[in-house]
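Heads up, there are several structures right after this.
Next come two complexes built around subunit A: one with subunit B, the other with subunit C.
Coming up: the complex of A and B.
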């Protein structure tokens, strides 16, 4: 509490715009990647910025105060989570507890869910119910991997995990926890809602789910939500497995590498049914993560 | 120091409760509320007065000099304080709730129950503990029953389970008394700790009996089903008390006896798994299973009160897992979560009672959209579920974080995974309740529903504050917790008002709240700077080009609420969720069969002939005839 001052406030405001811009940049690049895989030219890489500016400048409709509150809470919660992700070895708040990150992310999801289900469109709510059901599938593997690392280092601070991998390629956790890395890659796909786990959006089935009633600045916030989510989740994986980074451009490159992999999978996969998706996550990601946890636990005894 | 303030806190409410039977109903609720205000004052007046006691001498007992009564303890005071604060808020709620249409006659009984509850927390010896424990069971049975048939059945089920627990308690008290010759709680604990080395079997049996007694009361596996019956059928305003405070008696018992025994017993007395004594290791797993089980059942419930009752079971599971680590951090986490759960579950049940007060509906999917007409109730529920899901910056996060720190300290990673699963599941069912009751379409028949009255609103606002403050400043609860730890000889948790040090990392509630508020402010600014917004009708929705008139669109039909998590239900088909209940039912049936057998022998036509033959045969056999 004592270190709250004007400088920190400025830094945090900077970080909130950093997280949004990085995410938007990735979204544009991701569309380009998908287009190239499908042999299209694709939009320019800054397209996502244009989309957001346009959305914010248009007039929009709302149904009630809960919708406004929910959307603001959603983006606010996710940006607050982004503050706890160490960026290139720098934790702006001086703390990067993984438990805080995992739980603070939920307030973003809760806000989003609340905002769109207050719009009253059942398609939106069906999308949310699918997203939450899927959450039960991917959270458990991620938690198990985090627990495995916690066993090794006796700390649950993300920055500790990142700094422990310093000193070269061979120290990266990909090689120390290979099963865990596979598990988190599968879970990450579900976390982002990309194919084969894109039940939440499913445009042809439920009319883009949560996004169905969003217009104008609400849609803009929806875009920004996805952008910050990208920043947070790729940042999480880079810090957990890819050795973090000491310079900002290496960190961004690593983040993009993670997203790039995800986009490539997304471009060529079909969608599971929801219960198949959860079962698949438990069966593969869950088993791999459990094995990893067992191996680490036995090593620690 | 012998003082009359303790009996005033314990016996006072009982007497006032008995007296208030004489008054009309409306007056009874006022008396109930006023008594709770006085109690709050009295409880904070006795804070830190370590030497306070009040003992009766039982000179007419044939055994050596026996005393019985109440005494101050830090642990007891902690429970007394949080339960009194919560009860005061609940009583304010009840004062508004029990109007002409909804009034129940439970106020005097509730007051007696409050007295018994205070008596449990201030118990000096087992004799007194047992007396107030029994009075608590009896009064709560009468309240849950409150004269309705279905409720009474739920009450009987609850009572039968607690009866089993009470027998176990009596047995263990007797076992201690037989060896030590007195009923004092403190000396009993020391004796048990010493016995764990010399006579491990004896110590284990006594501890197991205690654990059984407290598990039945706190609804830990395999007694996890009674809250879903009792909490759901109890009067709506009483459910908050039942779920917030009464479920904690078992936790209190475990913290009072079982954990101190393990802490005081010699290190090598029990085998240990990663530093946890084996019996506690098992209770930890039972608690973790309870947490997961309660969560799955909550996901499947469509009755909002049942859903929250299952959620209570899950939360008791978290607490049990924390205290089963046997560490000071686990002890502190259990106390902290106990306090937080009391307030957030109280808030949730209070807001659900408010919903039922206005709509008369309990099935979630028949409701919807109430947030637009009942904003205070909605915010109470919203903060309640944020706290219950353990999301920062509310109180539930701080205590859940501590529970994890306690588990991490002992490297209990698999139990932690189980608790994480329960916690994620909690998010699922809590959001479902939020959506189906408060969001989505508002049915036309509820369009004219109004916010509840001032007493209920004030009570809910108070509960909201009690969820917000410990989330930002965990020290408000953890400092009293530290004095409990100190009085029991445990190591204290390193904490300031905002800062808490765990086993693997530290958190600062102030920083988290600051980060969240700042981020929300930035987004709010963006939101305000964005284009104009226009408010439209709820039914004015995107419908993929269909005309809603073609399929007779109504708000009810357009509300997605039933079978919310159908995919998960499909996934969990293989889990025998009702298995334990089925076993109990079979046991009950066998008992009835046995009873019928005996019954048939004495009744029915021509039976007397057989009885005559059997009697003569008996007499011949005995050589009389």
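Coming up: the complex of A and C.
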């Protein structure tokens, strides 16, 4: 019991709220961006907050306790990942090991898989099997890029990668590892489930996949899941490639720049079939990442 | 005893204030499920896309009844589709709202004497808003949604509560057409002549409300 630190607990609670609200803000802004591309006015930028509040005010149906536990496990796993992402050069737990981040990120998906499969709807099962298959597609390029950086710096700390890029644009990894950045941008589309990799949530095809049986509060948790996921994944890319940031607003701006690119691609692309999607990820993102790995190793030796 | 009365009143008031806050969120974020039974669905794409842009008001299409707040009946309803509509409506979570498009859900429209088509949707499901016209243009649709938002804020759009309270009445009406066995060969006659009207039920609701106060 003596290990429980009051201040740290407060910080962790604050951080989880920060990750959720940043993600929700980005979701609203992303809808606005899509709307402007389609020449619409779009919803107000705080629309995602309204949606979540409304979802939590509705009555909801649970199918069994596995569904409840699965949703909580998913949200908990993702929020735990958010603690390890350095926010503007500050890691709340003191550690920001990329190995832990990659490990915890999959817990979110596994919890989601457990929760929505328990609902018994075949569409949900199809959706989640697609999500897990796609995970196989994008995790291999990401791990290869991370491996290249770990070999270069002899460390697995995300903060080390971020601080190594300090001192101007030229030091950013986006210019040092351009192939790796392209690979991770492609993988990022798949991680977020945006087009052309939106097999998981295909509203007209499998009735929004994992979300099909989620009602009211469960849908609210689903929204929060996406929000935290957004925060984690944009934060990962900013720290890996865009030089991190020393102030919070620069960090947020960089995060939004990453998401903005993703939304622009999402607005103009169509959907692949699932096997095309995985093949595409391995062929292009995988090849780029592998090339980057070889080039990095040759440069070191 | 006085204390108790005071407490009850306070709690009611607080609950109402809280409901008012929730209603604000409900009206600003309505997710709809549209049941494209008839021609009314044609008017929805222009309402949703560039020209009229429904998303300005936080409204958007949803894939399943579980996620939706608003069920749109866009056109005439045959007996077969009525069964599915009832099922979809009952799968939705409270609070839920139902909007009938065009004249067909109001009185049968041009299909009023057709044997497989039902004439009055409000006999089977609680309709929160009807949009007259054949078909209503996007302007009319947006106008009616604005009205619906006002009603939600004032706490008047309580169709789902009415459905819960008078479920027997609605269920009997549904059974009457869904479990119909005799062939319809004779000239059309109102199958609901012996039923109390919806107005009578609403009047009853009002009297009971008065009794509580």
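Everything that follows uses one rule, which is that the second predicted complex is superposed on the first by the 297 of 301 C-alpha atoms of A that agree within 3 Å, B and C clash if a C-alpha of one lies under 4 Å from a C-alpha of the other, contacts with A are read in each partner's own complex, and residues count from 1 in each chain.
By our rule, a residue touches a chain if its C-beta (ideal position, glycine included) is under 8 Å from a C-beta of that chain, and two chains touch if they have at least 3 such contacts.
Keep in mind the model is a prediction, meaning the values are calculated, not measured.
Just from the overlay, do subunit B and subunit C fit on subunit A, or is there a clash?
fit
Looking at the overlay, what does A:76 touch: subunit B (first), subunit C (second), both, or neither?
first
To the nearest 10 degrees, give me the subunit B-subunit A-subunit C angle using C-alpha centres.
110
Report for A:129: first if it touches subunit B alone, second if subunit C alone, otherwise both or neither.
first
Looking at subunit A, which partner touches more of its residues: subunit C or subunit B?
B
Return first, second, both or neither, reflecting whether A:89 touches subunit B, subunit C, both chains, or no partner chain.
After superposition on chain A, A:89 lies in contact with neither partner.
Please work out whether A:219 is in contact with subunit B alone, subunit C alone, both, or neither, and reply first, second, both or neither.
A:219 sits against subunit C, while subunit B stays out of touch.
Thinking of the overlay built on chain A, is A:61 touched by subunit B (first), by subunit C (second), by both, or by neither?
both
Taking the superposition as given, does A:207 touch the first partner, subunit B, the second, subunit C, both, or neither?
A:207: touches subunit B and subunit C.
In the superposed arrangement, does A:156 touch subunit B (first), subunit C (second), both or neither?
In the superposed model, A:156 contacts subunit B only, not subunit C.
Looking at A:9, would you say it contacts subunit B, subunit C, both, or neither? Reply first, second, both or neither.
In the superposed model, A:9 contacts subunit B only, not subunit C.
To be precise, I mean the smallest distance between any C-alpha of subunit B and any C-alpha of subunit C in the superposed model; what is it in Å?
Once the two complexes are overlaid, subunit B and subunit C approach no closer than 6 Å between C-alpha atoms.
Would you tell me the residues on subunit A in contact with subunit B in one complex that are also in contact with subunit C in the other?
57-61, 207, 212-213, 216
Which residues, counting only subunit A, touch subunit B once they are in their complex?
Against subunit B, the touching part of subunit A is residues 1, 3-4, 9, 12-13, 16, 56-66, 68, 71-73, 75-77, 79-80, 83-84, 93-95, 97, 99-100, 103-104, 106-107, 109-110, 113-114, 117-123, 125-126, 128-130, 132-133, 135-136, 139-140, 143-144, 147-148, 150-151, 154-157, 207, 212-213, 216-217, 220-221, 224, 273-275, 278-279, 293, 297, 300.
Can you check the complex and tell me which residues of subunit C touch subunit A?
Touch residues, subunit C against subunit A: 22, 25-26, 28-29, 49-50, 53, 55-58, 61-64, 66-67, 69, 93-95.
Taking the touch rule as given, give the residues of subunit A at its contact with subunit C in the complex, in rising order.
These residues of subunit A touch subunit C: 31, 35, 38-44, 47, 50-51, 53-54, 57-61, 203-204, 207-208, 211-216, 219.
Which positions of subunit B touch subunit A when the two form their complex?
369, 371-372, 375, 378, 382, 386, 389-392, 397, 400-401, 404, 408, 411, 413-414, 416-417, 420-421, 424-425, 427-428, 431-432, 434-435, 438-441, 496-499, 504-508, 510-512, 514-516, 518-524, 526-527, 529-542, 544, 558-560, 564-565, 567-568, 570-571
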